[in-house]
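Two complexes come next, and they have one chain in common, chain A, joined by chain B in the first and chain C in the second.
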Partner chain A sequence: MAWKRLVFIFAVGVPLLAVLAFGFTRDPREIPSPLIGRPAPSFSVRLTDGREVTLAALRGKVVFLNFWASWCPPCRAEARSLEASWQRHRGGDVAFLGINMQDREEAAREFLREFGVTYPNGIDGGNRIAIDYGVWGIPETFFLDRNGRITYKHIGALGAETIHAKLEEALQGVQSRREGKGEYQSIR
Partner chain B sequence: MTATIGWFSVLLAFALALVGMIAPVLTPRREGARVLAVGGASIVGQLALVTVAGTALVYALVTADFSLKYVATNSSLRTPLYYRVTGLWGALEGSLLLWEWMLVAFAGLVVWQYRERHRELMPWVLAVFSAVSGFFLAVLAFASSPFERLWPVPLDGRGLNPLLEDADMFTHPPLLYAGFVGLTVPYAFAVAALITGRIDEGWIATIRKWIVAAWLFLTLGNLFGGWWSYHVLGWGGYWAWDPVENAAFLPWLPATALLHSIQIQERRGMLKVWNLSLIIVAFALTIFGTFLTRSGVLSSVHAFSSGPVGGLFLGFLGLVLLGSFALVALRADRLRSQPELDSMVSRESAFLLNNVVLAAVTFTVFFGTIFPLLAEAVAGVKLSVGAPFFSRVTVPLFLVMLLLMGVGPLIAWRKASSDNLRRNFLWPVALSVAVAVALVAVGVRDAWSLLALTLSAFVVLTIGLDTGRAVAARRAIAGEGVLGALGSLLRRNQRRYGGFVVHLGVVLVVLGITGSMNWSQEKNATLAPGESVGVGRFTVRFEGLQVRERPTHARVEATFRVFNDRHDLGVLSPALKYFPSQQSPIGRAVLRMGWSEDLYLILSGFSEVRASQATIKVLLRPLVMWIWVGGGVIVLGALLALWPFGRRAAEA
Partner chain C sequence: MSTSRSGRAGWALAVLVAVLVFTAPAVAGEDLEDRMREVASGLRCPVCQNLSVADSSSEMAREMRALIVDQLREGKRPEEIRDYFVSKYGQWILLSPAPRGVGLVVWIVPTLGAVAGLGGAVWLLRRWSRRGTAPPLPVDAAALTWIREAVQAGDSLAALTPEEARQVEALRELQFDYRAGKLSAQDYEELRALYETRAAAALADARRQRREVEALGPVAAPAAPARRGAAPRVWRWVTAALFLVGFGAALGYFLPQSVRARGDGSPTGDFLTGTREEAARAEAPDLPVLLQRGRQAMDAGEWDRAIGFFRRALEADPDEPTAHASLGLILHRAGHPDRALKSFERALARDPTSPAALWGKGLVLYESLGKTAEAVRTWEALLAQEISKEDRDHVLSILAEARQRLAAGAPPVERLRR
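Coming up: the complex of A and B.
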């Protein structure tokens, strides 16, 4: 009856190994955000020019909210696309807001100078905003519609086409079913 | 040059391992002696070559040879000598080399130790060693080589991960690896016995000491891990049921079960398939642990360096599990146990129950650890399994273990008469009930802690009663003093009394865990200089912040003066350390250890804006000290069981 025992061993062992192998196809750090479709957490942040801005003040516009740090390579990679997109959409019903986190202020300012960033950027001292948004890999970007609902979230560097498409969707209040993902820097 | 020497040594050792692996297959059956010679020579050759490779890597680390990528990423010019050496196991590639080094060293020891014994088994034992060693060497040579070069050569290295810059770097990882590797010895014998069909050779008794030693290393590795976590990581705990911690704990469970069940096999010839399965499972879990740690398939608070080795370890795990159990299946007919269980009330059944409970704990921990994967594979749900699950399920099981620890050593083999039960358990049970009543009177209300403490008392009482009787008997027969009687008892039955001491150590660990799980207090406060916060009988007064420069980092230290009923107990200064290579600071907690409780301070933050305020977390963790004391007692007990008293007596 050795073969029966063999069949039993493979019947238990192979699925077990398959489950473990399945792990390679998944990133355990990637957890779907519960925030999509929900009102974006409100906050108030000090901008690099010293002004204070609240999210509530941007109600009525589509908001492009980008978390970044100067030491994160994918943030550098997307910086020019972000500024180009801002130049394309500024003046419309779109607001861009960068949130700098886990960084030194001088390094952050140097980054903004280097890439000629002209849209407003805030400093998230103590990562309070990042925690509210569940940021775990940067850059991480949230798209908010005119009512302040989150329509799309993207982890990793963004390209100009995606930004344009997702801004258009947000302007029409269309909510994405999936999060986007590119190359990111884990902060956990 | 160093890189070339190291890499070639690994490659040559790999070739030797291949030869050693197939030696028993190629040589005809009768020439056992020649097979053994080839297998032994292969092991010795691998040991020599891996020693060259290991020495080469240590040399490169100590001399800061940044042309090696491994040295550049795990050492720097500022790294002190001590941490340059420990850099050997500071990341994946070096850890694998250390593992392999230990493996061939243990294999060499086995070759020497059993050179005159187990003639039929040894060729296959050595072949299994070579096969396992060959896997590690292949990984080292082709998948994640510590001798990979770096060009252009950097001027300075990145330095060891700051969290690893701790004195425990010398204890926790090597001890754990020694435990893992030690479990290869019984595994090699088990597979050899299955292949040759010589199941009843009595080999399991001769390698018992290896199992005890591996168990001791595993116990120490886990305890030092807890100590490290408690003293360095600064979150106030020693165990979090994180996947990586579970990975280190899992092999310990079947190893513990094995220590008990082989006694039934020795005495009664029972449980042969079970014991072989435990050996295979324990070994497979060491590979599973490495897979888990290095593959990144589960999210863990422990950020280990992983590489392309996850898949390789999974493949090896599959081979070990399916291959070994297929062998068991094919040989199971020869493994029929002879005697049946005589009675449910006997030492056999107590040990059996101990094994069932440990198997249940193993399954629970394993299942809980991989459950997030299972849930995502089957239902597509992301979830994590945390400490509450593990505590809730395992605490009752561990309490059953505690009860069995009291019952098992005293109950009679085969069938316990009611007289035996009354004689051994009447007083311990009666006194334990008294202890329980006393605990309730003192104010212990939580059922689980009450049960844990009562059962602990029961274990101590049974051990005390049994030893007391034996001492009295020896004094009556041989007229020895109490200490003399204890000494001769130990020499005559060192396994039994060594085991008793280990059990006492376990009771102390249980005491520490119970205390810290149930009666911890915690307070958070933001203080200006001169302000105080009180926890329990302690008051902590904030005295100010200082910035200090250290060779590898800068730190902000907060000074706190500790008072206990107005007595000044001195100063504690928790700190936040800022390493140039790290984005966020690393905390350095400080604590004041005591027999009844630890006072634990964590600096969570400080403000420069409003002149030198500090935010601290103050923890009061009762009885934690007893976990470490218990660990020491366990070591003592295991050494008493292993120490070759008999040999010296024979020589004298």
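Coming up: the complex of A and C.
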């Protein structure tokens, strides 16, 4: 009787503990994106220089689409690598586009000045573009191939190496199986 | 007549139209708000995780509510809006996930739990009620009479066996309580019947056993059943004691470790939390380990790491002589003789006999500052300390060179660095 009870407790308790322990290894904030491999949602955004740009106009190029905010530390951390990557790839079949979200416009402009960002950046008022892309932690970056299909998504700060590798993959239309994750800041 | 009637009807129509025109937007607004809340309350807020988009006050949830209102205005149905959010954030966004795939678990497990709990409760209740209405034991009439007489007689209980004495005592107390007015007549009758039956059964049982024992002979029986009952009980106590000791030991061992300040090293390290950098920075905070690792880094030529270790050693003990002396040697190598000298002085202030500091101080004075005489004095002090033969030979050779130079009055040259 005592043995039976002991076996029962173990049979129930050990799997329960295992499930709870497994839960500790997960990031509860993580939201797996259903967008990878799908056509990128189209949008039109006003740039900081006043021009209007649509995603459709960038068809035929690989697009590096980066959501950011000036108050987000990992965005600051990656800003220089992003600009360096832009300098390396500009002139090729690659377009860089930053989307500023949940921010004040002056703060965003100050950020761009501070890091000497030269690629175009749009202001996403009302976060409609961000919601359309399922953004939940910034910086969040999408790589689009020439046909406007999302090949890779990365949550958190990016390094120049990863950017280069993923741009090359996007140029060849190679789709990543998993999304990437680094140090990120949850949106507000 | 007819004109007045049609006029009245016209008025009524005008009033009706006016009422509709003025109240319609308000009604539509409230209706829109309700429909928005209905959709939003089924969506999980991506910022706060455990609140719905309807309840969350985050900026993102506010914008999602605005988006829902816009889509409702465009004439989209609630299911379409839900599907839109699912297409962007996946099933994650639904507070009640669809009952398929993994989401099925969330629906099935609570149902199973409720069924199991209800089933268990029913089973237990039935078991209890069956015990309550169990048919009365067949009572040995002779034993019952004997018990009643024993209770009424009021004799001393000394002549009875302990079991018999306990039963009789209980019945007498019951009787006493009844007479003292603590029990109603009905309760008394019920309890008395129960106790008497039970006592009579026990008595009859005991007597039968006694008869069996007598029939078997005087030596055989009484120990056996007693021991069979006692053995598991002993084991139970031993197991419980062992478990308690083990539990206490585990608690004493793990608790102090797990309540240590975060980043101070934890029993699971970075396995559960993924805070590897924190752990690495905070690991091995004790002084000897830091010094040893610093020296190892120095020997390997990893100056940055070595400086890091010695700095941390100095955080633990701001006057640690070995750390100061080692930092001095590194500074000397890096071409900062003044700062190096300061480090050696700090080391010597705490420990005037520190060999590393004496050696380094001499080196700075001789090689970089050109104060050969002072260097010679410092190294002579070093030779008075206990150092290895190899070091002593090295010091002696460089000392000989310095003395030569001192005698020749020549300025010191840049030596090959050790």
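Criterion: the second predicted complex is superposed on the first by the 187 of 188 C-alpha atoms of A that agree within 3 Å, B and C clash if a C-alpha of one lies under 4 Å from a C-alpha of the other, contacts with A are read in each partner's own complex, and residues count from 1 in each chain.
The definition used in the following text is that a residue touches a chain if its C-beta (ideal position, glycine included) is under 8 Å from a C-beta of that chain, and two chains touch if they have at least 3 such contacts.
Predicted model, so just to flag it, every value in this text is computed and none were measured.
Student: Specify the outcome, clash or fit, for chain B and chain C once both structures are aligned onto chain A.
Tutor: clash
Student: Which partner chains sit in contact with A:Gly116 here, chain B, chain C, both or neither? Use first/second/both/neither.
Tutor: neither
Student: Given the touch rule stated above, what does A:Arg128 touch, chain B (first), chain C (second), both, or neither?
Tutor: Second partner only.
Student: Go through the superposed model and pick first if A:Gln102 touches only chain B, second if only chain C, both, or neither.
Tutor: both
Student: Once the shared chain is lined up, is A:Gly91 touching chain B (first), chain C (second), both, or neither of them?
Tutor: neither
Student: Applying the touch criterion given at the start, work out whether A:Pro28 contacts chain B, chain C, both or neither, answering first, second, both or neither.
Tutor: both
Student: Between chain B and chain C, whom does A:Gly50 touch in the aligned arrangement: first, second, both, or neither?
Tutor: The answer is neither, since A:Gly50 touches no partner chain.
Student: Identify the partner contact of A:Phe10: answer first if only chain B is touched, second if only chain C is, both if each is, neither if none is.
Tutor: first
Student: Name the stretch of chain C, from among 1-9, 127-135, 199-207 or 343-351, that runs into chain B once the two structures are superposed.
Tutor: The superposed arrangement places chain C into chain B at 127-135.
Student: Which chain A residues come up in both lists, the one for chain B and the one for chain C?
Tutor: 2, 21, 24, 28-29, 31-32, 102, 187
Student: Which residues, counting only chain C, touch chain A once they are in their complex?
Tutor: 46-47, 49, 58-60, 63-64, 66-67, 86-90, 92-93, 236, 271-273
Student: Under the definition above, what is the set of chain B residues touching chain A in their complex?
Tutor: Result: residues 291, 295-299, 310-311, 314, 317-318, 321-322, 325-326, 328-330, 332-333, 370, 372-374, 376-377, 382, 583-584 of chain B touch chain A.
Student: Which residues of chain A touch chain C in the complex?
Tutor: Residues in contact with chain C: 2, 21, 24-25, 28-29, 31-35, 102, 126-128, 131-134, 136, 186-188.
Student: Along chain A, where are the residues that touch chain B in the complex?
Tutor: Chain A reaches chain B through residues 2, 5-6, 8-10, 13-14, 16-17, 19-24, 26, 28-32, 69, 71, 102, 187.
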